[in-house]
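Chain IDs A, B, C and D follow the sequence of writing; residue 1 opens each chain.
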């Protein structure tokens, strides 16, 4: 940590800064510059989170800058090698690319099983489908809930595909874990800390979507909540952030994919369905995610997108998905990877 | 609702659009223009939320535009007169301005009671204090939880001030309701729908903070979840949104204050502590909120901000708060209101 | 155009709306709905730009919505087939991918010629290099100006590569046109309308970068200024927008690449150097741009990035560029295109 | 400047860093910490702008942090006392509040003179009016240009009000200076550096609007271009930034007003017309700007807003402006200032 003093600080302010550092058992190294004076804090400060603000509050202090990342367990500095998340033999974070596909919402057994069969045929390795739906409006379809979970189980039985579904409340973590192979934490719950903590104790791997107003650093801190609880199986998912652009539903942050893989050892997948919100953009942006180094994709597929109860404008039909898979496969191969 | 056809739509596409509208018992009014053809949907569509996307998905359709707001109960179109939220005699949304003040986090009985006495003396009408703290990092102070609630109760007993505190999980709504006069939903839970629903059934008024990536429309839809559950006592709180500006912690959206009051009958307060993140900006931005028409303020105050366990750079000490109140009072009077 | 009336509009307001539409020689089609009344404006309104606001200002009017794009010449509705921009035989917008590469700033003849030779060897088809540098700070290196243009000419002579360089003032358009094969309009000048108009009269093709706070619609309107002036050779360049994320310099809007190609017939290239601002991200994001359908790339390359006078952290050295080209080529091929 | 080394840096990397610092005649102070090693650069680096990136590029370096602001002349660290900009006796930055008002665009002599008389009567001290209009679309009204400047002169003659108008091209600075008392640089030209430089040589005070995607630091650097050219009379104008919120045209950054006044000695005014884009929000946000400490306002006023050729939805009519002035005056007085 580096403490930068105001230009016109008083001698006693500097002494107070040094005092406060010493009081915590750390070493203080003041550097008196021509233009500015700074004090370097030497020692391990991870156990003293309030230190930064204490110093910021000391009279005569202009700024305090951290020089290490606030997340630890999710950091590549702590673990060099990639984490591989294994879901019933499907491996995220290994060289192969994994595609998760299925309807935005589970609407019926027929719709779900039909979709599961179709996406499996095209090469998807995991089935997705929402049973608990977080919707901006209370008047929108809220999901089939437990009934939806049962349908997902049936679809797994029919196809052998492991299942991923969203959990939106800490109280539901156990219930959803019974039925689903992967728990998904959605963008709107990216900083729902009780939910993150509960998922840290869950037996299932977690897909952690990035919040729509969340920085990459905060995203990794959210992952930290899960890792810190003991659950090491976290898959990060970039799904678009909120920007001023109104022509797309969100802006998929393509930079975030290679950057997050650089900062963290966790697998990173892309969600071009939510990241664009427009059917015609899903395929090109899916290809871009893979070219940028994503470990997989999550894609919304529906037998009749125009009749879907949610996210209708961004779901693909079976043949659109088949074409997407064919093209993504080529990109993966060009990149020396398999799908 | 207005359906705008593609330039090169086919006759059968138009017929399909009209069909789909009729099937829902609504009237379709096609207008064949020189440049474009549009179809107006006449009738009440609030009960048919999937209608918009169904039409968007029809071949030949370029766009579908809503012409009424998706929220109802929170809309001023539905209720012209201001909602007044009464908390033990303290009225939000009436002509008087209400200031809520207190520490970011409850740290000890001494700190909390001392602060309660000080802010009351300066004119605050409600005490705030966090017992359950949503923190970006799992390594940061997470609050005293139930112990904190008890301390808040003591502070109420000592000062007579009603108490507002945050609830971060649906499971805690009942517990927090026992101790607190107002429940606060924080920015990171602005779209935590299970929590919103639970608060819709709570006996306590709710302060609903705007999410940091949430549009005003979505914010009112979040309020709608609470109102729809039966709890009519919602106070909206603008607390800053995420923008590209890095010199402040968030950007307080001053436009949102008069606009939201125009769109909705609910009281709106401002949070200049989080909306700026910098002590020197709290007072001027507090004054701005009142001048823009806010019904109140929520301000972080701490006996020794530099030793606070959270939000240290933005908390005011007692004399800073006293000065803020004095200046805010003058602005309120200039605006024909009282504090 | 669609005029949406307030819920409580008066009969005479509606008549005034209809009157104003008729006065312009257009047809008005009122539709009286259960919840809302709307009036459709039938006829060509492109010549009456003030019409929208006139109607918005009429008492009783809630909103006026356009139903066609405000840009024409750049729209794919007006021209279905792709525009191909030919620069001395190098074709942008055809199936082949074109890579422009070179230093951020021309610093010396040696640096520029050396780079030109190296990037040509790796497969670049156009040399870039800044002679007039728009810099946020007046204390930063401002470019070699005319001297820089001469150096670029020499590099062209040595290598045969056509040259692209930025023009930052209308007064310089002619001078820069003498030396450069392509004129570039930078992100900070994306809405410098006198410059756009002047470039509309220039003899050289234009690379039009998207402004860092510019929507896609505004970007196409900026292109419209050039096309409307008579210069049909416009290449659009997505170079990252400003968002709340601070871990990257800008956020490259990958969605914008396929979307803009869908809305417009103009070629679209990507700039992963500025769009990320970080050397390690340039290669993966370059690959993503091509996978998303970009017609080319513009990449900053420098013999010794660490000694560059500008944009040092994002320039590649020769061997990094060579590797980038090799990997981008594979992606291009996988996509059925050549580089 | 502080150089932060990677965790696994090599001894020779550190030596190279120290070398590079010494080579520039500066002192290097390495601090070997438990977790990290940092090197403080001691000495004046303002003349060595490339230093930061040179160090960033040195192998083994993780990050380089500046510890002083990149702007100098506009900084309050350099000049403690407020700059007062005097325009024919009207003083910006003194205790009094100055309101600039007038039409978005000069449309005719009658409209302009009429407005000048009206706004003067209500207390405005400067007349605004656009002669050169920067418009997103080439099909929108582009202003009366020189004819407009002459009309402004007439309005000044009639009313005695000094005049402010926008200049959009370096070539026009002299022409506009002949007719106008203040030159305005618009948001879209906030980083038009040739224009900024030319205004640095102009004889007239400058209103510098903040760019819609510009950080406060960049804004002050833009001011620096003008100050550095010798023109000390710069008035900063916060006019709203681009955010994800779509309910308003822009988001007026209220935090920026007190923060910029804290960082800089230059006067700061607010533009609630552009900062909101909605007539009903202009008055409350104008009041907020003053309460936040703005030195003045710039407000769009038109005899018949609904017939305005530009910015129709945000212009006030005369009686709306009169009411605004009355309420703003009360806020100013409550704040111990006059209007």
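Keep in mind that, in the parts below, contacts are C-beta pairs under 8 Å (C-beta built on N, C-alpha and C of every residue); 3 or more make two chains touch, one makes a residue touch a chain.
What you see is a predicted model, and the numbers here were worked out from it, not measured in a lab.
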Going from subunit B to subunit D via touching chains takes a minimum number of steps equal to 1
Relative to subunit C, the most remote chain by C-alpha centroid is chain B
Subunit C to subunit D, mean C-alpha position gap in Å, rounds to 26
Chain-centre distance (mean CA atoms) for subunit A and subunit C, in whole Å, is 31
Rounded to the nearest Å, the gap between Cα centres of subunit A and subunit D is 38
Among subunit A residues, those touching two or more other chains are 213, 241-244, 246
The answer for subunit D against subunit B in the complex is residues 213, 215-217, 241, 243-248, 251-259, 262, 275-276, 278, 280-281, 284-285, 287-293, 327, 330-331, 333-335
Counting only contacts in the complex, subunit D reaches subunit A at residues 2, 4, 7, 29, 31-36, 38, 40-44, 62-63, 65, 67-68, 77, 242-244, 246
So, in the complex, the side of subunit D touching subunit C is made of residues 46, 49-50, 53-54, 56-58, 70-71, 134-141, 168-171, 188-189, 191-194, 197, 211-214, 218, 221-222, 224-225, 228, 241-242, 305-313
